[in-house]
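Multiple structures follow.
Each of the next two complexes has chain A plus one more chain, namely chain B in the first and chain C in the second.
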Partner chain A sequence: MLWTAILLSSLTFVLGQTEEFQEKLSIKSLRDGRVASSFSFSILLRDASPRDPRFLAFDDDDSHHYTLFPLTLGQILRQYAVTELHLTLNAGKWNYDAWGYPDESGVGVGAELRAWMAEGGPSSIDDRWRGLRNALAGLFCASLGSLDEQRTTSPALSFPPDGYLPDWGLPHELRHASYASEHVCTENLTPFLKLLPCKSLSGLATLLNPHRLFDADWHGIGLHVLWHPEGVEVRLNVQLVSDPIRISSSRKQDWSFKTLFDRKVQKPCPVAKSSLVVVNLPSSGIYRVDPEPSFIKDGKAYYDLTNSPGSWNIKTVWPGDFEYPFSDSTPLVPFSVRRKLLSSAQDTGKLSIVVTNNQEEQLDLLYLETMPWIIQFYLHTARVYSDENLISNISYTLPVPHARPGTFESVLTLPGRSTLTFAMDVQKAFLRYTEHPPDAQRGWDLPPAVFTPLAHNGSTKQMRQFYTPSLLVDLATPDFSMPYNVIMFTCSVVAFIFGSVFNVLTRKFVIVRLEANGQK
Partner chain B sequence: MDAQRPRWQPLQRIRRLLQRNADPNLARIKRRKALYALIGRRIAVLRLSLFFAGYIWMLAIPSSQLDRGVYFDENAMQPAQVNTYWSWKEVHDADRFLDQLELLRDSNATSEQRSQFIANEFRKIGLAASTQSYEFTGVNKGINGSNAYAILSSPRISGVEAMVISASWISRTNEGDGTLNLRGVATVLALSKFLKQYSLWAKDLVFIISDGYMDGMQAFLSAYHGQTQSNLRAQALELTSGVIWTALNIDYPGHSLSHLGIFHEGPNGRLPNQDLLNSFQHIARRTGVPVVLYDHRDDLEYLHWLPENIRNHREIRTYFTQARNLWRHIGYQASGRGSGVHGLFHQYRIDAFTMFALPAAGPHGFHSLGRIIESTLRTTNNLLERLHASFFFYILTNSDRFVKIGNYLPSAILISVAMMFGGLQVWVEAAWAKGPQEEAKTPGAAPMTWVKRRRPILEVLFIMVFTHLFGAMVFFIMSSETYSYFQLAPFLLFLAAYALPLTIPAITPQKRSEAIAPLSLVLKAFNLCLSSTVISIITVLNFSLAACLAVALGIPLSTASSSSTKAVQMVKYSTYVVLGLGWILLRGFAERMIWNWDVLSAWLLPFLCIVYFPLTLQVALVCII
Partner chain C sequence: MPPVASRFRDPSTIFFQNDSVRRCIIASYWIIIVLAIPLWWKTTSIERLGLPTSQVYAEAEKKLRIPLSICLDEIFIDEVAKVMTGFQDTAEYLDVKVTAGWECNQSNSSSDYTVAWEDKLEIQDRTLYHPLSGSLTNTLKSLLAPQIDPRAAQYAPRYRLSFTLLNEDGSAGQVVNGWDIQEAIQRHVSPITSALSMLHNFTIESQVQFHAPLAFEPQSLSEGAYGLTPEDLTVFVNSAEWTLSSSSSNDPVLHFVLFVPSAERRPLRILNEDGTPSTSSAFLIPQWGGIVILNLPSPSSSQDESPSPSERVRLTADDLRQSFGAFSRQMTTLLGVPKLPPAISVSSSSPSSSSSFSTPFTHWQIDTLLRLRTHENIRRSQDTLRSTVKVVDEIEGMPVGEEVQNQVRGSLGALKHVLEILSDDGNTQLTATPNTPTSQYLSSLLAYSARALTLSSKAFFNPGMLAMLYFPAEHKYAVYTPLFASAMIPLVVAAMREVKAWMKERKEKRAALGGGGGEVRDGPPEQRED
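And then the complex of A and B:
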């Protein structure tokens, strides 16, 4: 019975699948004169489902017949039976206060990878997680191999699945890892573009000019795979925040495809079901949008580029120079976070989090710290500087030195318009000589903390994660250079002199003549 | 055969040495005994020569024989390898900022108005800016102000590292006599506008306009690093950035500048990495602005009494120029206060220095200064790691010459070794007393007999601990709030500190048996050993302070001795107490030290009270016990 079901499902997978490709670009002028662009390419594999890990034992997976769906990615997903996957590679610090929430919430600096996988079958989740990491590292030319056991965590609440988890009767588990030192660059973008049906030859992907993308103040690429009853969806997205004032060297915030990307959309991607450009219109002021949009709805101008020939250079023009907002403007997000590792000592420090609720309503935040073992929390020193006890549901997974990171998850409650300071002493590990990286004196990047606002019923579903900037920590580092040798040498000399002087002071040398006993 | 014998004698002696028929251990012990006997016999000469060598060495540090030219150790810095873009447009911006700042000055704006104005200027440029107000309580009540700062979150980076460009509102002219650093502030404002145009920064840039001279930056940095100081109420910072690696402090009090001066000493003897200073002076020279150390222009007017041909001799000129630099360096380093605002950064492991624009009628101004700062920032921007190569232990004798640690450290060490030998000698002497003369069986050389005697260690340790506790008490009185209210307080404190220890001889047993060594000898031995240890430890922490100690304590402590007449005893006692505590009567000196301790946590005051004064007090007691 089961066998027929599998056969049937794989048959439908091969024959009955329909694939859809949609692309969308939304552009928004930000309060500080910058322009946020967000590309989203989504490929839907209709009626497909993720692979059940129990079938990994049978080498009968013949569903690698795709037309639009990227084959290399599909192979990886099926090889390691991944239900849901999120990979982001970002550079820069997302300024929530001035830029608001991003279209795609994964804006943590560096590389972040998380996957939901079902337990069961011949290979364990951790084996498949290792394989997945390495496969993606190869696919994207990124240092995802560094996301090893020393960085992998499984937070319980902060990252619920975006899609659905199939009801196979198997427990699903999350694996999450982030690596703040990863730098995103052209070598990551090229394989990324290869996953698109039209590459960067036509359609909106034409605009992804590496010279401009990687000069943007903030830029990131993301890959999201999720399953919902319609099928398996792959979403590839690129976000960037450019500064037209810096690029143009005039004081104007005007932007166009030409100034932002140094390219225009010359021809449409023929296989795209829809190709849409959405421009968020400024709420006030005089400006001109060019060309005339297809339609305007809710303060957004929509351009339908689907199968439309001709070159597109959408632009917005302001008559006057841009003036920076003079007074302190209110943040665009419901809460603001400042996170800092205080003290300049090399053995201890203090992790300090200041959260401000910008709203009138009470706010419940899920706070997640995933710390490499080089930083160990002293939980008993955790203090919340506020009138009430506003921290609850603490769960803490202890780090294991040289093996496992620590995971700290808790719920912070902020009354309306309040500021909460959370501080905790930390201990900095003393590393083994060989554990230091080649640039030992730089310090270690610590992953960002993640805040997730909880809905009033306490669920995290449909809530967007909020990433703090990463941190740099100085550990006690031996000076791997000449003075180090000098210090060692000097110490030896001092020890030698001390020994001699001590001998002289405490011992007395006399000549003892031993009578030759019986001999001669 | 016999005639040839003398010629062969040396060879035979060598052969005898090489022959190993004798017990080698025996030979070694014999050799060692002979060596120690020699040291024991010649200890006086040895000590004298060590003292002599130490002091001569100290005098020789400024000579051109001990120093060498500076060089770069960190290859990543690549100083002066970039094109600079700072041009007359930016100079114009700086001039406009200066006009507005002068308006503020002329309207007697308060600290708050000033910092608010500066923060608003930063915001107009498009930077995240804020202000921080602070207030000192306790002894220095009334020091308050408001800092303005801005953070440029550089594009494309995670913002975990930062560089600082700062200017204090009050210039360092005459150690902060109130001259305003308006052009320095204008430079920072213009720089912030200019640097924002580029996406090449690999670190966040933090611009700080600190209020006051040193106090504002102290408040900012303690808030930035979450350090609490009991007498400081500083507002928490609304904006923060990453770990600061380097900081440039700009001081431009005059109308134009002729030279750029380097001030680099930090608090409590800390120095910035030499690569930073080297890069700056290299860049400045390439840009065409001469660099000097401190504000010393190259004129030696105080040498006018020397004959001209001697005065103009190269070696002598160099010596006196460098001696003047060294003297200034010792003053800054030994005082523990550092030479300016940059020093405060050193407390947090940030390499920093002040570039001081020497006021002159010309020829340089904003244009050269801006280009030098831009290029220096590009250099520090190149750093992939903290500055760790090159030197942290050095003495700059000139802007482009320095003395390595191996060439200056031994001078103080030699003196401390001489003191240690002196202490050990006294210690040994204390163990023996001349025994009763045995009746001379044979006429002529009657052998002297030595009798061993007990050394009273416990009593002496008790006295020493008492002196240090006494010093700690003096320190707490001096750093208390009430001390500064009374005009007569220093005088009374000195009298008390002078009179109280005089009771010690009264409570120590006066008449001792011959079998116990006199207290004074053991105390002197311990005192010398302790002073020697203190000096040699301080040499690595703060060489200038160690050198001062070596000069102040070396000979005086070694020559202390008891005397038979009460009057001479009292004169000696008084001399040593004045040497140890006389400084509290110098009102200005003591007040500045209390300020340094209270506001900047400079260690000199506690050190003088708890370590230095007790050492001299011990030796003063040696004279009267």
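And then the complex of A and C:
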């Protein structure tokens, strides 16, 4: 019996060492002539499990030994006992109507961080959340420190865990924060690439040329850590939407690695288990894909670059110029959303959302609004401009000024081919002098709202989030040279009043008798 | 005139035109101002709690004297004085007591070390066997009071040991994609870490990188080899490209890098000053870590023209034996473990080595290291405390919070504790049995000295001490003057005028008393206000 136990433990020990790295690039030509590329690098730490927060009490963590898994990330995950983590840094507005759903659903503008952590152990979730934010801010050189308590929410339904939560008998909680003003740039990409086993020196990551990546119309990087019974998986992804028509001199939508990234894949990553390029073939028209793909399946051309050296420059060529499809403008997603903040006043406004169901079936949408306290909802003014009662399951967490954001979550029901308008009055906060950002006149970026289509059984599992563009709100902004003027002015007035009162109180009055000739 | 008088009341009959009322008004203003000054001072001043300055200076002056008793065999009785003076010259922090022969048992405390006579030079446990020939003083000095190796890292209660396997270019024909790191650590590193567990805690981490380019081009030698000149070694670590350390904790990191040169640049050798290849493939970067270059045999497949996928290699624990042997030697140096003099052999029949695996160090080395580290910590914390007090004294705008005060006090307390233990050592060591007490005694000294050091550096680097430097006094005055200057002028003028009037009045009263003159009241007004 004992021997079996020892044998089993040694067996898991050996298996526990296996780490896998897979990379994949999928390229799709979009309807408007742009090209969407999505890199996905996934590292699986087989048979590993997240850290139980109760073990944080023991100072001595088991040693970290990693081969492919990034050590710096592993340390952060273990130090703060994070079960699931999602970080995205994006720039630009994802045009769902013309581009369809992205490969990775996290396309909200700016920085978004969410983590699932278990409660228990010596340090609270909020302490660990703060530490995690700061550690990731240091790792990615991003201002994730701004995702503080004033932006942290815990929506109940919109972000279910992508993986599994371990059954420790501890409650797991979600922390979510987004910061729309964060701009992703080279300083975020460089540390991101260092997390990859082959960095950007071999394999598909060679293509990640910052000059081209940050020149794209839409670009974003993401980090996802999740646990499933196979092990802990880290997925690093980069998505971009480039415009070959803008780059090229002619009016052609041809693309190649060379034109999109200004690089070719020269060397395979020696430790990648699989290295795959998938090209979504256009559904119609005459085109040529070069070189010959390894195989074609379901309208997709697959290239297996695993351990196949040589210079790869995959391309698609069309014979003629690109013609913009004016006629075909039906949205590619089941529903479209427009979100606006209406008002000309500096203290009040109206938040308006117009959702259109593009399909025949009824659609249930989970609508989430996480709003910093600078915008406060008047919930009693919420109106749905429709005949039926189409809004249900409202949950609202009140914002606390200077401390906590508000969270509004509800379910919208849209009959087939219908449009729903939802509007609500809002109040704009009057900020303290020191709470204004350095570029106060620019306004405040409000985080995007998130819509999650519900399956018919009401579950959100495997449902993709839909992010609206962010909003810009103009708050009452003082003239920042004013305080000193005010000090000066107030001081002068106070000194003047004080002087007069004091003089009146202490002055000695006498009657001056004038000479008689003075009265003549 | 009568019509005038009827139209206006005589102003001197209004109650507040009374001299005493007016003076009361002025006085009350001044009283309020005077009373408000302490409040204003309290609300605008920086919190500067007192630090025990004189105690710090007194404590910083104190010299550490760690007692150490050696018992010599009767045969060495002539050496006693020589050994004593020898230690006094080299190691001031040691309070060496040397006895010989029957005196050993007479003194009421058992000796830490014994020296016995034998023909060979050998140590067993805490006993040294020394032949009559050779200098006993020098042997003891090199054993008990060696110089601190300047390459050793500064003391920290916890170190991170970071092992990194670097493939210079994994895509160039051959890649090491795994190593039996846990077994290698078990074999080569764990004995050291467990032997030093009395001094430090260790966190061990390891990673593998597949692309780790050098920042320079190694020199090409004849017969296809490449060389690293001593200048190249100083810039060998390419911090921009290699992600070696992480920032997840503040513990100091000792890096151990196993560098596998690219298949195209093999073998890579370290060159001596004169340009000839050195036999060693390892080098040490003081206080940072160690680097070992591992030249793998060339890929087994013949060098054909067509590029082929990289050959994958896994290093077994046996492959790593040589490299990890070098790492363990580098680690010993970096952790400051003193070396035994080369002539001394260690007896294998030592009773302490009866445990599961033999410790790589002797009691002499561990004890000496404990003393050296205690000495280093005490000196560093004394310096830090002195600097803290000095900085606070010199910069007047620097706030000193309760935290800093407590840290300084705590550090001072720990320092005092160490010195107290040392001052009444004779009594505490009394009942102890041989072997254990010396280490326990020394490790408790080290624990207190480490506490003193940690607290003193926490106080010195306390972030709260920087806060007020960014709000200089000039800003304060710029805000205050517009109000205070303009409000104070009428107050001062009124007060001066009233004092003047009062003095004049008194003088005239005295004159009137003396000369029996006329009435002051009906005289012309003394002052006129416009």
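The definition used in the following text is that the second predicted complex is superposed on the first by the 462 of 520 C-alpha atoms of A that agree within 3 Å, B and C clash if a C-alpha of one lies under 4 Å from a C-alpha of the other, contacts with A are read in each partner's own complex, and residues count from 1 in each chain.
Methods note: a residue touches a chain if its C-beta (ideal position, glycine included) is under 8 Å from a C-beta of that chain, and two chains touch if they have at least 3 such contacts.
Keep in mind it's a predicted model, so treat the numbers as computed, not measured.
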{"item": "Which of chain B and chain C A:G310 touches, first, second, both or neither", "value": "second"}
{"item": "Partner chain in contact with A:E149 - chain B first, chain C second, else both or neither", "value": "neither"}
{"item": "Partner chain(s) touched by A:F214 [first = chain B, second = chain C, both, neither]", "value": "first"}
{"item": "Touching partner for A:D47 - first (chain B), second (chain C), both, neither", "value": "neither"}
{"item": "Chain B versus chain C as contact partner of A:D364, first or second or both or neither", "value": "neither"}
{"item": "First, second, both or neither for A:D445, with chain B first and chain C second", "value": "first"}
{"item": "Contacts of A:S470 with chain B and chain C, given as first, second, both or neither", "value": "first"}
{"item": "Touching partner for A:F509 - first (chain B), second (chain C), both, neither", "value": "both"}
{"item": "Partner chain in contact with A:V109 - chain B first, chain C second, else both or neither", "value": "first"}
{"item": "Shared contact residues on chain A - chain B and chain C", "value": "505, 509, 511"}
{"item": "Sites on chain C touched by chain A in the complex", "value": "1, 4, 8, 10-12, 14, 16-17, 22, 25-26, 29, 169-171, 175, 177-178, 181-182, 185, 201, 203-211, 213, 241, 243, 246-249, 307-310, 312, 479, 482-483, 486-487, 489-491, 494, 498, 525, 527-529"}
{"item": "Touching residues (chain side chain A, partner chain B) in the complex", "value": "32-33, 91-93, 95, 109-110, 180, 214-219, 243, 245-246, 249, 323-328, 338, 340, 342-344, 350, 352, 354, 439-443, 445, 469-472, 474, 479, 481, 483, 504-505, 509, 511"}
{"item": "Residue numbers on chain A that touch chain C, as the complex places them", "value": "17, 59-61, 63-68, 70-72, 75-76, 79, 135, 138-139, 194, 197-199, 201-202, 267-271, 307-310, 487-488, 490-492, 494-496, 498-499, 502-503, 505-511, 513"}
{"item": "Partner chain A, residues of chain B touching it in the complex", "value": "26, 29-30, 32-33, 36, 120, 123-126, 153, 155-161, 196-199, 225-227, 236, 240, 242-243, 347-349, 384-386, 388-389, 392, 424"}
